[in-house]
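Shared between the two complexes below is subunit A, which pairs with subunit B and subunit C, respectively.
Presenting the complex of A and B:
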């Protein structure tokens, strides 16, 4: 068995990397902080045109019928660019969820979401806010084990500011309607799958964020001279950067393994396989979150005072790390889940 | 409408560039589609789609894997002819034009041959004109827009002052200025489909050419001279006059 990404998966990653290098420089992330969403909207349209958002949609719905495994490298690139937008919630959670529900709901929404004509927002239990709820054309919300499709026009949404101001969460006040999309065992299974996917997709993004923070810090430590030498030649700096490199290198295979487990569908049907997948996802999220947080902390310290300034781009990435490390279960919650499964 | 696009695969300009002992550029590792060619590919795709029929064929000469050609195929080009031959190492512009012309003649009927104004690694800017001469076709350069109508190609040709409106009989060779259109990004479907598109790999002998030597070799390569230190002027209240004098000397004002 060949446990490596295929040439095609690498090509898709490279295509996304090129798109984001041109369309999503730091200035676009910064503009999103100030409420100017024209840049992020263009990035979103580019990702839709390319086929990223519909990657997990079936071909009948204009997608590519690919899996979590194919999306993992792409999400890491999106994290590396700190591209704003609910890509995990849409491409990784909502699209497979709608496909699983099937019927007219999938037929109506999946093609439109994949092509960027409509936006869908997903509210998962445990998250107080629904990312990009305002501006969505459809809300997918759980009430206990019942999944509801909710028209945003019929609810009240209060936009809340995140520590990462390019992320816009909405507090949704709603009442469940009489006809849920799924209830009981089916609803719970869909929720389990959605939670695993959200955690894994976020872990893949955290890897990219951490990698970018390491890269810019290595560049800074090489360029910045003090006492006649680059600061990166001092052990106090280089050991910190080596620790970050090690943490990211150890987290990466865990993310890839979890993606592999999730992509092998039976994991979500068979009970013992489901537990194994859950452990893999938790290991990935805990390790990627820790590694990215370490990268953020050391990046800030190695940059010195300039890293603290609002005008420097470092904090755009750092605060995204803080937001994502806490989303869909922080490292502590995921470690507890691993402990429950293996002890 | 069948359109041929001459494209070049080059080492990534963002990476380190190294020279061989004979002063030619090292072309090892993954080659990418020259960005300046992506504009010609985009224009060709638009012309094909507007016409509603025909094919876009890529013509290229380079060593190595066709990784850059795959990018253009993923953008939507229909097929490619790739001339790969170790004997072409260090070929000069005229020899390159001869090879491309021979490849063009194998490509069947066509209305236009599109090329970039110049490549990002060689910058000779002469190959398209040489190609037109060898093929005996009209050569129109620096196009910012191209329209084919009534057996003629109509080109808005960029000049320093604005643009000229030029027309020529087809087939013709037209060079496209970088930045005149926004090249599309390859879609995932395009990337996956590109693998199945026809890609013909040819050697010089397949083209019926005998090209083992050429007149031009790179004798030496020198670094660009470093910037000389500027002149410092103490402002005694009249320094602006020196600035005015300098600008006048440079004919800026």
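Presenting the complex of A and C:
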């Protein structure tokens, strides 16, 4: 029993944190809102160089051959920086999916995606938009249980507007071609795996978003004075932020355990319940979503009016939280999924 | 990361489970916070000790089996899974003992620990006073130096199971000139000493689980001091780390409660209010989260050879509020039957949920109120400015 990341995993996390601290300040996130993607593109190139995008690709395809477990701390850092871009959909969902399909599809696309030469977008049933569908070189889309690789030239995209303007995407109208990548049982299995990975990757990002919101609010509450004292010396503020710290602290091990279960099979199972990896992922997504939403709510309240202004950066993180808490199943949906498994 | 138990840990779990299955009383014992129940619980404690299960993590010479922290967690999971009686020795073995191991002299360890493990000495905690609750540094009970020892005067209150205990560990002001956290000393006091009077006090649920303890020129010898003279606050804080953190409320307890709650839901079947599903799953997730958080904390403690840190305050807030929520969900599931108390012929599970609810409500109060814990988290974890 060793519920702890290795030094190598922590070093990779720190390297990603450094990259983002340099390349992804709030101004980059804000610029992405205005449609200037030069900053996020640079971040993406940096992540490709570090091997993050191809982390789950095989070494034969230019990847690192690592797992969900190795990616989870990195995704939390990307969430902390609110870095724009479909990292979950690409590194966590598309790359392992293409590897699983194998053959010429994997050989053609995985190395290019890992190196940042090509972009792939993934459409999962139930989601309101296909993230970065417009700039993609390849679309992975399901039609029922059938998974298709679709040429973006063959589809029509209706652009949707996310509350988080740095999340760009739309609905894709398309006709399934004659040669799906997978059908039936196999297609369903790939879809389930994709949904689990998307939910867990998003949960890891939500942890980072929540941490950032807590950190900036602690700083603000320390600097901001009213009645001649820092507002953060008042218990009304302290107790709100302590609640956020508790929520994040107890969501975190659920996320890490779910990553382990995805990588190696269900771990630390409560023998009285029918626990699967899917149940572990749902626990992680529900808890991380709730914790990040609490962080957003209390961050806004503790900032007061300045936090409610468009000019202040707080809303960039809050809106990402709202978008991601709802994506790939919100907390209630995931708890209902758990209820069906354990009750 | 490796989330599998080792073969040794798995073997340990199997041995604990087998012994508990063979020995845990079939009928629940009467409450350990009543006189009659306390006696029954003592008998159980001695059975645990005889089989070497009373203090699994302690050295063998004191009655333990030198279990690792993970094995201790495993034992606790099995203990609660088996529905074994609550530990009336817990204030000694879980709160005082870690402090004795850290600060005690060799003689104190050799004399105190085996008797504590065997439930021959029963310890209660003497910290709170009528005017020193959350503001514990306001302690007024005095210790005055005399030849060969100290004379104690003053009053302690809300002393859990004080009326049934034989000894008290507590903080007394040994330097009358010093204020607040300074000038306090940690004393180990036999309750049958001349000048010590104990009055039982009924708790919210009617059990005599509290006591007030009066000291009127009670003499204790020099070796009744644990740690240095005037170091009482530091010594006491090591106990609060244990209390809020790992040892008082191990995850097994809440996993067992959540499991019983799932069982109650299944028995309620179609009649259960569908809206309660979400509450129930929340509680179940929280119990799992607490277990995982503890495993991660222990992994870190083992890897870095560090003691429990400020996460004990995060812990205390989380488990105490989870415990209330789990019982609230159970009472909601019971509907009108929720009011049927222990002893009522139609009480569900012997009235255990209402009894447990009342006990759970104490959680956010004892071991430092959750308001104090939130201040600790805000100031020492987050670094927010003090008042």
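Heads up, the rule we're going with is that the second predicted complex is superposed on the first by the 332 of 343 C-alpha atoms of A that agree within 3 Å, B and C clash if a C-alpha of one lies under 4 Å from a C-alpha of the other, contacts with A are read in each partner's own complex, and residues count from 1 in each chain.
Everything that follows uses one rule, which is that a contact is a pair of C-beta atoms (placed from the backbone, for glycine too) under 8 Å apart; a residue touches a chain by one contact, two chains touch by 3 or more.
Note that this is a predicted model, so its numbers are computed, not measured.
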First (subunit B), second (subunit C), both or neither: which does A:46 touch? first
Examine A:338 and indicate which partner it touches, taking first as subunit B and second as subunit C; both and neither are also allowed. second
With both complexes overlaid on chain A, does A:149 touch subunit B (first), subunit C (second), both or neither? neither
Subunit A residues touched - subunit C or subunit B, whichever exceeds: C
Looking at the overlay, does A:55 come into contact with subunit B only (first), subunit C only (second), both, or neither? first
If you stack the two complexes on chain A, which partner ends up touching A:253: first (subunit B), second (subunit C), both, or neither? second
Touching A:8 in the superposition: subunit B (first), subunit C (second), both, neither? first
Determine, under the contact definition given at the top, whether A:19 touches first (subunit B), second (subunit C), both, or neither. first
Going through subunit A, the residues touched by subunit B and also by subunit C turn out to be none
Would you tell me which residues of subunit A are touching subunit C in their complex? 1-6, 69, 214, 218, 221-222, 229-230, 232-233, 235, 237-239, 241-243, 245-246, 249-254, 256-257, 260, 264, 267-268, 270, 272-273, 283, 286-287, 332, 335-336, 338-339, 342-343
Would you mind writing out the residues of subunit A in touch with subunit B in their complex? 8, 11-12, 15, 18-19, 46, 49-52, 55, 64
The answer for subunit C against subunit A in the complex is residues 1-6, 9, 70, 255, 259, 262, 265-266, 277-278, 280-282, 284-286, 288-293, 295-296, 298-300, 302-303, 311, 314, 317-318, 371, 373-375, 377-379, 381-387
Residue set of subunit B touching subunit A in the complex reads 70, 74, 185-189, 191-192, 195
